[in-house]
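Next come two complexes built around subunit A: one with subunit B, the other with subunit C.
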Partner chain A sequence: MTTANQNALAKYKNNFLKEVEANVEDGHWVKMCMQCGVCAGSCPLGPHWEHSPQKLFMMIRAGKREEVLGSDSMWMCTSCYNCIVRCPRKLPITHIMHGLANYAHRLDLAPKGQPTRDIAKLFWDNLAKTGRVNELKFSLAMYFKDGFGQGVKNAMAMQATGLGLLKAKRLNPMEIIGGHKCKDISGIKKMIAKAREIEDRRRGLA
Partner chain B sequence: MADNKFAAYICSGCGIGDVLNVGALEKIAQKEGKMAIVKNHPFLCNAEGVQLIKDDIANEGVTHLCIAACSRRAKAEAFSFPTVAVSRANLREGVLWVIAEGADHDEVRQEMAEDYVRMGCAEVKKMTLPGGNLKESSSKRILVVGGGMSGMTAALAAADAGYETVVVEKSGELGGFANKLLKRVPFSGPYAEPQPTGAANMTARVSHHPLIKVHLNSTLAETAGAPGRFNAKIAQESGAVAEELVGAIVQATGFTTYDIAKLPELGGGQANVVDQAGLEAMAKAANGGAIKRADGKEVKSVVFVQCAGQRDASGVHLPYCSGHCCATSIKQAMYFKDQNPDVDTVVIYQDLRVPGMGEDFYRSAQQKGVIFTKGKAGRVTGGDNCKVEFRDLILDEDTSAEADLVVLATGQVPSAGVNLDDWTATVTAAESGDETAKAKKIELQKTSVLNLTYRQGPDVPQFKYGFADSHFICFPYETRRTGIYAAGPVRRPMDMLQAQEDATGAALKAIQAVENAARGRAAHPRAWDLSFPKARLEGCTQCKRCTVECPFGAIDEDEKRFPLFNEERCRRCGTCMGACPVRVISFENYSCDTVGSQIKAVNIPDEFEEKPRILILACENDAYPALDMAGIQRITYSAYVRAIPVRCLGSVNTIWITDALNSGYDGVMMMGCKKGDDYQCHFVKGSEMAHYRMSKIGDTLKQLGLEPERVQTQEVAITDNARVARLIDEYVAQINEIGLSPMKGFG
Partner chain C sequence: MTAPIATNQTILVVGGGISGLTAALEAAECGKQVILVEKTPALGGRTAQLYRYFPKMCHPTCGLEINLKRIKGNPNVKVMTMTEVTAVAGSRGDYAVTLKVSPRFVNESCTACGECAKAVQSEVADAFNYGLAKVKAAYLPHAMAYPQRYVIDPSIVGTAEGEAAKAACKYGAVDLGMKEETVQLNVGAVIWATGWRPFDANRIQPYGYDRYANVITSVEFERLADPHGPTGGKLLRPSDGKEAKNIAFIQCAGSRDENYLRHCSRICCMATLKQTQYVREACGDGGKSTVYYIDIRAIDRFEDFYQNVQKDATVSFVKSKVARIAENKDNGNPVLHGVDTEGYHRYAVEHDLVVLAVGMEPEVTGLREQGGLPADIIQDSSNFIEGSKDGGMFGAGAASSPLDVNRAVQSATAASLKAIQVIHKTASTEAA
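For the complex of A and B:
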């Protein structure tokens, strides 16, 4: 169990709603849900989630901490914003979903191997390294995330697309060595570290 | 009658003259209608046309006139001649606009118009001008029964409008249930915080109002009379009886809370389980400090259980929603949160119902951190650590919540007095010598609120679940006792704001009632009507049907057991007239004869002409307007029908049906309002009575050798204009199928 998780458990005891209000982006909106279910009905991925936003909000109020933070439902959000547009109580549901996912990730309670979570991690690591997204390295990292054999298979399957991109000069093979960077890498890294520090302090994760 | 002079005026405007042969209509009015004066005019409702009629009234001594023009519902102001009897033949909405155009239909259209002229002439000959019921003295004071928020609001509304008001309150102080509350839900923006109840202010205003007289610690020992002349005997605590003469009564007797002891499964009767009234008492005792339980412990967590003993489908508890309790629980949760935000407050609800602007109040509670859980409580155990077991309806699982205190949101039980069905049954049994029934009658009498001396029982009739009956859609304050208006939770469950609005409405209705009574006129919905039922008692067989069936309890019995009409209580629906088997009851302008003569005036073609004649008896409140509106929208229907408006289907006397069938009509269609629990009948029971009577007419039809389909009863709403035309055409087709009546030529 991460220290952050231990701290949160100690601080909020059984009041998960308070924990969410304090630590999750837009979490203070959760109490305003009136359980109409319009979000659940509006979500294009609704049938594929285990817990609709409506249920997640109810679970938060019922103090189901493990189940909420361990749910993969909020990771399924595609940010289509249908729920936000339709919510009669004007809850920023999409933001809350991402907030919950992020919080679960930070406490390391999010489901292992959740594809969205993995991709997000790869993307972030790639970006944070040079301040630029190296598309070639990002794609390759994705292909090979489940092992070498699967990586080769993935790459072969995407071969035609890759060659097409090369031909159209949308993909530079030279990126494999280093790749393009922003001018002040250490400056970027400092910025990211500072942002994280502020964010963690705000959410009590430091 | 030498003094009577009859005249008919036929309008040829609005295209009537283009399509109908007005000359032929004039001849009919003259020869068959026996009208002394017959005139036509191209625009009868304009100043010149009206003047023509006025001149004839003034110069020719016309006493009765038949206006053959548009529907009686149109141009009522132009054709208002208060000094003479007037009948209207409906040529425009009834013929011109509803019979298909074209030469093919010329013959049947003209026949229809001629029949309507015959009917109009026949009707007016049987009418007399109503003389009114002007009494020498009529009280305009208003009695308000109940001194709670509804009662005080009604009293202030009536008194501020200049009417002397008498308030009778059972307890020792005004304020009613509001006195038990710490605060009330907000009535105005931003709808965020509980507000002071305002009961003290109102009590002061009522107590000091120069036009309001208050009787505290008093009940109604007896209420006799009728609108304009109610005599209320007020029993006071001292044993003295005060008498007040009043013109109308507002019954604002409120509610009691559903007994929590009836809910043992929800912890009723156990320690630390209270109802909302119990919590108000605790909150008042805390006086702004932390709310403490009976054992002195400060409440740190509280669960509110909504719909406790309400919306119960099992038939054990209240089946209805009391409407106010969700907002009340929200308010009470705020008592805790406002004092200490760390108190856990959970509201377990099935559907959070916050009418009006309550949604903002709900939001405010959410902002304050009140947790709302959609669930259905199963079992509550009280004690030091209360437990509420419930089904979470969102997560679909059984779960539980623990708390220091559980509040049950129980419902409102109306205080409407004696259930008259129960009363009637008890009285009947007691009269046949049943001793237990006699004892029960005395017990029932003790629970009466108004103690009316009416033959039909001591209180206002109740609707479902014991609430005072009123026409829910159209006249919510009118009870079934004219001049007595119900306001507040005695009428339907409601919150304080609704009760106060209700009370204002009831006060205005009471003012209308005393004014109408003073003018000798009927109450709503025939408020202009000066006629009232007259009985030829020498023909009366004392069958009591009129006294029993009158929906408004207007008819008592005199010492010789003859019906005793209280005209001021009468709504002029004519249900008594329809009920009377010997036809001794009539109105001056509406009687068995006025309608019967119209039925007989219609020219019935012999069976070889293959033109059926179908009589429509249409309720003037909904069905007749629907027929008119079919015309306004140019929806066509068969020219074989002849429609007669009736005051209410309840006024239809079976003699009309027999007469019609005997004289060769092929069918009779009756159109009235919706009956039953969600009735729309303007006279509450009239439509139901008519349906009941017609269900018994089968034997008569059999005796005549006729098919039961020849009499049909339909429920028609005022919006049914397209449907009504369809119903007519379908019925004509049905009659054509069973064949024309064999009775033709014998009438």
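For the complex of A and C:
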């Protein structure tokens, strides 16, 4: 168990709602949910997940900490915003879903090997290096994330798309050597470090 | 027309629904002079458009008839129909009010014989039946209308049909030369009993009221259930005229929703519980009502009504706000999609007909912008009228809060008493 997780457990004891309110983006909205079910019924991916937003919000209030933070549902949110638009109480549901995912990730309680989580990590590492996304390296990293053999298979399967992107000049092969970057890389890195420091302090994750 | 004589001892009541009637009568029966203005051609308001009303399931005729009788017999009340307020100047105890009177094209000589209607072929949407049917362009607003006087629709004025209507009237009551008039009045207090309107169901896009014939509103359902309504009291669905037996009711259609109406409309749970009994009345044990709800709010003493409906085997309840409606193209049945809150089960259920329990929106919503509501009026965040800053104007009935008939009448009596106090104060300052 990570120390951050231990600290959070000690601090909020059995009050998971309080913990969510303090640490999850827009978490203070969770108590406003009236359990009408509109978000659950409006989600285009709804039938494919275990926990709809409606259910997650009820689980939070019922103190089901492990089930919520370990759930793979909020990672499945595609940010279509259907639920936000329709929620009669105007809960920023999409943001809460991403906030929950992020918090579970930071406590390392999020499901291992969850593809969205893995891709998000790859994306972040790629971006944080130069302050720009290197699409070629990012695509390759994605192909090869499950090992070399699978990577080759993935690359072969996507070959036509890749060539198409090259032709349309949407992918630059020269990106493989270095690629485009920000002017002030160390400045960007400092900014990110500072932002993280502030956020960690606020959330007690330091 | 001749403008009634009014002074700052007069009370103006705006709106001739059950609340306006009550407020006017309470003041008139205390000896006060009252002018009652109503924008439609007849008194009664939306209560007259109900088939039956809870809790006793009586017909609205009984409540209205007695009030209309009191109005007819009381010389202190002057009724002006087809009249709207266009401006209010001055302050408590001394208002100058401007009224706009639209032409009815039929004068006091009308005996409601109906000969003019027989002479006319054109039809217009029947407002009394929420547009579910059409009426002749010369019409009586509804059977109980007061005044019992026909109306000629402006669309046939200046046409041969208009002339035919005029020629058909033996009493010389059709007057096609009538013009819109402006009337100025002096009054001491104003009661706004302007009531409510059904929330525009088209705005709730996921429910497809604008796209699916068999998705209707609760106010339309009242008209379907009424033997004097467009279907003779049969619950026939709009798409194919088939009798609807398996009917879904969707609660909070527009209400309790930050995107539409913020407030709980308070009466629609009771209205739906009542309407499930229309289904029972029409279909017996063969009918089936399903109520989709967030929570049932059987206000005040109506819990027993709810409990009795719960015992009815033809009625079932699903705790869920329906997320969206689709349509089965083969049979025109609406298909309801959602997730229930008691177990989080996903459902897709077909019904013959869907009734949206639409919310009550104050009729004055948007009126201030058009200049029809004085700047001094205070409205809450849902546009219900709380009163006026100067303390001389009051909201009554459904204009002041989403109320059922019983509570609307109580509210109107209270408003009337407040208006009488304003008049008394004005009289005593003038005497001093």
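Quick note on the criterion: the second predicted complex is superposed on the first by the 206 of 206 C-alpha atoms of A that agree within 3 Å, B and C clash if a C-alpha of one lies under 4 Å from a C-alpha of the other, contacts with A are read in each partner's own complex, and residues count from 1 in each chain.
Methods note: contacts are C-beta pairs under 8 Å (C-beta built on N, C-alpha and C of every residue); 3 or more make two chains touch, one makes a residue touch a chain.
If you're wondering where the values come from, they're calculated on a predicted model, not measured in any experiment.
Enquirer: Put the two structures on top of each other at subunit A: do subunit B and subunit C fit, or clash?
Expert: In the arrangement built by aligning on subunit A, the partners subunit C and subunit B clash.
Enquirer: Touching A:L165, do we find subunit B (first), subunit C (second), both, or neither?
Expert: neither
Enquirer: Give one of first, second, both or neither to describe whether A:L17 is in contact with subunit B, with subunit C, with both, or with none.
Expert: first
Enquirer: With both complexes superposed on chain A, which partner does A:M32 reach: first (subunit B), second (subunit C), both or neither?
Expert: In the superposition, A:M32 touches subunit B alone.
Enquirer: Give one of first, second, both or neither to describe whether A:K90 is in contact with subunit B, with subunit C, with both, or with none.
Expert: second
Enquirer: Check the residue A:I192 against both partner chains and state whether it touches subunit B (first), subunit C (second), both, or neither.
Expert: In the superposition, A:I192 contacts neither subunit B nor subunit C.
Enquirer: For A:S42, select first, second, both or neither according to whether it touches subunit B, subunit C, the two together, or no partner.
Expert: second
Enquirer: Please indicate which partner A:Q54 is in contact with in the superposed arrangement: first for subunit B, second for subunit C, both, or neither.
Expert: Touch partners of A:Q54: subunit B and subunit C.
Enquirer: Have a look and say if subunit B or subunit C is in touch with more residues of subunit A.
Expert: Touching more of subunit A: C.
Enquirer: Let me test your reading of the model: by the given contact rule, A:A62 touches which partner, first (subunit B), second (subunit C), both or neither?
Expert: After superposing on A, A:A62 lies in contact with subunit B but is clear of subunit C.
Enquirer: From the options 23-31, 185-193, 221-229 or 419-427, pick the one stretch of subunit C whose C-alpha atoms clash with subunit B.
Expert: In the superposition, subunit B collides with subunit C along 221-229.
Enquirer: Quick check on the output: what are the common subunit A residues between the subunit B footprint and the subunit C footprint?
Expert: 34-35, 54-55, 89.
Enquirer: Show me the residue ranges of subunit A that touch subunit C in the complex, using the header's touch definition.
Expert: 34-38, 40-42, 46-47, 52, 54-55, 85-90
Enquirer: Using the touch definition up top, name the residues of subunit A that touch subunit B in the complex.
Expert: 17, 31-32, 34-35, 54-55, 58-59, 61-62, 89
Enquirer: Using the touch definition up top, name the residues of subunit B that touch subunit A in the complex.
Expert: Interface residues on subunit B, with respect to subunit A: 352, 362-363, 366-367, 369, 371-374, 392, 394-395, 399.
Enquirer: Give the list of subunit C residues in touch with subunit A in this complex.
Expert: 206, 252, 256-259, 294, 320-324, 337-341, 344, 346
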